[in-house]
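Below you will find the structure I want to go over with you.
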Amino acid sequence: MTWTWFHRLGSPPYIYRLAGILTPWFGWLAGVLLVGALYDGLVIAPPDYQQGDGFRIMYVHVPTAWLSLMIYTWMAVAAAVGLIWRIKVAHAVAAACAPIGASFTAVALLTGMLFGKPMWGTYWVWDPRLTSELLLLFLYLGYMGLRSSFDDLQRADRASAVLAIVGVVNVPIVHFSVVWWNSLHQGSSLSLTGKDTIATPMLIPLLLSMLGFTLYFVAVLLVRLRGEVLRRERAASWVAEVVAT
Amino acid sequence: MSASLLRAENLHLWRAERHVLKGVDLRVRGGELLQLTGANGAGKTTLLRALAGLNHLEAGRVFWNDQDVREDRAGFHAALVYLGHEPPLKSDLTGIENLKYWTGMRRPLTDSAIAEALHATGAAGFGTRPVRTLSAGQRRRVALAGLVLAAVPLWLLDEPTTNLDTEGQQLIERLVATHLQDGGLAIAAVHHRLAIDPSRLRELNLFA
Amino acid sequence: MSASLLRAENLHLWRAERHVLKGVDLRVRGGELLQLTGANGAGKTTLLRALAGLNHLEAGRVFWNDQDVREDRAGFHAALVYLGHEPPLKSDLTGIENLKYWTGMRRPLTDSAIAEALHATGAAGFGTRPVRTLSAGQRRRVALAGLVLAAVPLWLLDEPTTNLDTEGQQLIERLVATHLQDGGLAIAAVHHRLAIDPSRLRELNLFA
Amino acid sequence: MSHFLSMGGYARFLWPAYGVTALAVVLNIIWARGLLRRAKSEARRRIAMQGETR
Amino acid sequence: MSDRLTPPLTAARLVVSRDLLLAFRRPEQLVHPLAFFVMVTTLFPLSVSPERAQLRAIAPGVLWVAALLAALLALDFLFRDDAQDGTLEQYALSGQSLTWLLLGKTAAHWLLTGLPLSLMAPLMGYTLGVPMSAGAGIMVTVALGSLALSFIGSIGAALTLGVRRGGVLLSILILPLAVPILIFGSRATELAIRGETYLAPMELLASVVVLSFTLAPLAAAAAVRISLE
Amino acid sequence: MSDRLTPPLTAARLVVSRDLLLAFRRPEQLVHPLAFFVMVTTLFPLSVSPERAQLRAIAPGVLWVAALLAALLALDFLFRDDAQDGTLEQYALSGQSLTWLLLGKTAAHWLLTGLPLSLMAPLMGYTLGVPMSAGAGIMVTVALGSLALSFIGSIGAALTLGVRRGGVLLSILILPLAVPILIFGSRATELAIRGETYLAPMELLASVVVLSFTLAPLAAAAAVRISLE
């Protein structure tokens, strides 16, 4: 009984319809939050006493960097579920995650570089955090490359799943790199336990922005997921129904 | 050995967009040869590989001695030999070395057993030459020696007569007949009719 | 076209320590098929490759229309197609693309000519699929379409019936018969007898 | 307004940063929709093909 | 029909001895990664500047990048030949545990590439101006690093089996995972050159080896099964 | 039976377009040498030291060694696939001049590897601290150098066809011939970085290109015929 939800989530037509219903909710909520964060972050929040207005890059850098890590984790978990329980929908989730994650990793790198020039005086240094984030991008690209080199989706799913799972070791490395090595990069400015290390007026837009980007990711994921689920269904009668018209 | 039995139910398999196996059922017992026939592209190779577990089945189940093979893959694999379109030989090793490592991985072998098997398949004369220097048919004969040596109940053969001369065609028939007599079973994709005791021969025709 | 003639005299060839061709003579004229027979390892493949100039002859000469082929290699090559044990196809290209580049290198081709050739060899249904996704016999049929398209007088075929189904065996016989009727000549290594007008068929048996 | 745009002298870095982010946001939406559209038309084609062979 | 099966360890030993035999049958294979390593380390001084002080400063980096590339290139062949001629398929169908067999293959691979590389590394270091006293340290770190790389690489090699020209894709897949090895390794080498204790990075390296040794053969076996399909 | 033959230039053009089509059918192949180049240039700062001044000093060397290795690895595939599936045999038997056909193959190979590499080089230089102003110079020298390497490499690739795992043997054959390219190229790059005129080494590079362009296809055709036997 308790496993029925699990089976339903593994059922392509159910997921396809559910994703279709949920997409606008996540999408619009994300839109509202992001617009709010933009206004709050660019206009209301006061300039930083050290970094001036430059700190406002944080409102795009931190959420995208966070997404890059979170998406990889989702992808690895989905891949593991798909591999272990042989659930097609889970593989579809992993496949849908990769391009989104790769693009936000690239954006995190770019915004970080644009952040670095005024703050550290250079676009790029070979610092552990920066390097490991670059490697994360390579992992995403390798994952997508491996996927695209198989003709058969089922094989691509399973092979790339192994890579996603193995590559997940990089995620804690990125996250803790600032702790494990002495780094130019900012340490953790948010923590659930200790007291926040940045001022509240600056923190609110950051939280709004992070939540907004996360919801945005889910919305895009759901759209992609529908596509990936369709590609994996052959000759099922429900496909004919949903693609009619 | 109690009579072995291979059974498959409702096998479905896609290759990319192509529905190749559309609900194949089969049942072969010890002492029987199932000959797979069908036009080029009908799915003979695909079916053999799927039975061996080398192709991913979308639906359907395979039973070995009434046990689902997924429950004991290693046990099932230990009971079968699959020979594909190309003989699985290392070109830098001699025939004897190839057999020592390939079949030796399955069961302990003596040198005399290898020599005997090579003799049985007409490969005695070139067992000590690197496989790379053998002709296509000579290579096939070395691979057949491995089949004999493995001494397993289930043979899965994909066009085993390829590259063999007329004497070689009869060799295949002799090998299969002996195998069936010993209680083994075989599934072979062959385009022309094999001269095998008709009471032991069954046919499965795949349609493209 | 005046009747073509392939003649070889006293061919000798060693592979490593092995004297494979020991003074082979042959003579085939337009309209004739020379069937190479012999046990596995007799030297059929070696002889075909040597005639095409792909194996180095130790001694002996090959004449095409009474001219030593060494005097005009390009001209001789332009007059022959050699099909070996494996079809020379790029697995990432479709059948049509393969033919366009492979045979197109020899003579200008139209799309309709390609389509026609694929139709003639029963490969029309899968000419637009990457060769990698074809079964062994389907691949062979695409290669045969290239043979037809090349429209050259001399065919050198190494076990062309391999992997083909029963209908495919007849296809080979039909293709060869038409080729001979058109004044072409062919040398083919085939293990079983081909159903070809006996007056056109000659046999060369190689001994191992 | 121009004061806002100049961002305390950080405009050279800030606006490109927001720019690439916005670009990624928009492109991801377009890509995702493209994928879904392609998957649908492929499914349609596949269904049509099966109808033929039957 | 015999019921006696080859025991798993014997099967793994057969794999090792087969791969060693194959390598000795074609000794040029043994020489290749070594030659590549030597070439990269000699090319460098040619294209940078031959000043000793500068050379010595970049020596650990050059040694490690060269060793990593050499080992990576060799990895490309770990399973490829066996996949092409059907041997791997037969392994998967042998009824033996594929994990053990692949562990055997990986061990043989390290014996044939990583070990010679680590023996050669002190010598190449010397040509870059590294004192002989650092030799033992360099040898041990390169040996550990290449061992870890062989294991991690076996996953990538298995994943790219079904892929034509998998070689460079393999590098892309493996490098992100190999970077920690590179960083710890070159750090240890640097300390060794300076004559300081290099225990800390060495321990990190050893833990990477242990981790990859326990997990990689499992992942590689799963990957091989997938790519055979 | 037709007597009209495909003219030699059309045949060579067919070879080029076939190879480009094949590459675009598998776009990851296009990306591979590039990715390798990027990775090697990334690895260096990781294992040497991330300090800008030191990085800039070794930048020309790193760039050129990385580009050379990337081009070399790609060379390994120049003829290998075609040899394996029998295409090369068919080329040799096509009645066309093998020299022209191989010239076509080599040209396609450069378009697919050398050209992207040279476009990428200035960018990677930047991450090593090379000023953007040196970009054009780096691009042109890498383009010329990789062109020469493609031609010279075609001989080596043809010679190692019959050899299994010819890859590293190929590198050993080619490297001595490639060293002049490396030296002239990195010298030109160094001058470009310093903002000085790099005409002298560039002319030397150009003359290597011309020389290899005229001789290499002939030698490669002879080598292919030999290895087919």
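Note that the chains are named A, B, C, D, E and F in the order they appear, and that numbering of residues resets to 1 at the start of each chain.
We adopt the following convention: a contact is a pair of C-beta atoms (placed from the backbone, for glycine too) under 8 Å apart; a residue touches a chain by one contact, two chains touch by 3 or more.
Note that the structure is a prediction, hence the values are computed from the model and not measured.
Common neighbours of subunit B and subunit E (chains touching each): A.
Contact count check for A-E and A-B (C-beta pairs in contact): higher for A-E.
Interface note: subunit E and subunit F, two copies of one sequence, contact each other through mostly matching residue numbers (shared numbers exceed half of all numbers used). Among the other chains, C has the CA centre that is most remote from the centre of subunit E.
With each centre defined as the average position of its C-alpha atoms, the distance from subunit B to subunit C rounds to 30 Å.
Subunit F has its Cα centroid 27 Å from the Cα centroid of subunit E. Our note on geometry: subunit A versus subunit F, Cα centroid distance of 38 Å, whole angstroms. Centres computed as Cα averages put subunit C at a distance of 46 Å from subunit E. For subunit A, residues touching at least two other chains, in rising order: 131, 138, 141, 145, 149, 151-152, 154-155, 234-235. Chain contacts: subunit F has residues 26, 28, 35, 39, 46, 81, 164 touching two or more partner chains. Counting partners per residue, subunit D has 46 as the residues that reach two or more other chains. Contact residues of subunit B toward subunit A in the complex are 14-17, 19, 56. Only residues 1-2, 4-6, 10-11, 14-15, 18, 21-22, 25-26, 81, 85-87, 89-97, 101, 228-229 of subunit E touch subunit B when the two sit together in their complex. The touching residues of subunit A, counted against subunit D in their complex, run 34, 42-43, 47, 52-54, 56-57, 60-61, 64, 99-100, 103-104, 106-107, 110-111, 114-115, 117-118, 216, 220, 223-224, 226-228, 230-231, 233-235, 239-240, 242-243. If you check the complex, the residues on subunit A that touch subunit E are 83, 131-132, 135-136, 138-139, 141-142, 145-146, 149-150, 152, 154-155, 158-160, 162-163, 165-167, 169-170, 173.
Those residues of subunit E whose C-beta lies close enough to touch subunit F in the complex are 26, 28-29, 31-33, 35-36, 39-40, 43-44, 46-49, 54, 57-58, 60-62, 64-65, 68-69, 73, 76-77, 81, 164-165, 167-169, 171-172, 175, 179, 182-183, 185-186.
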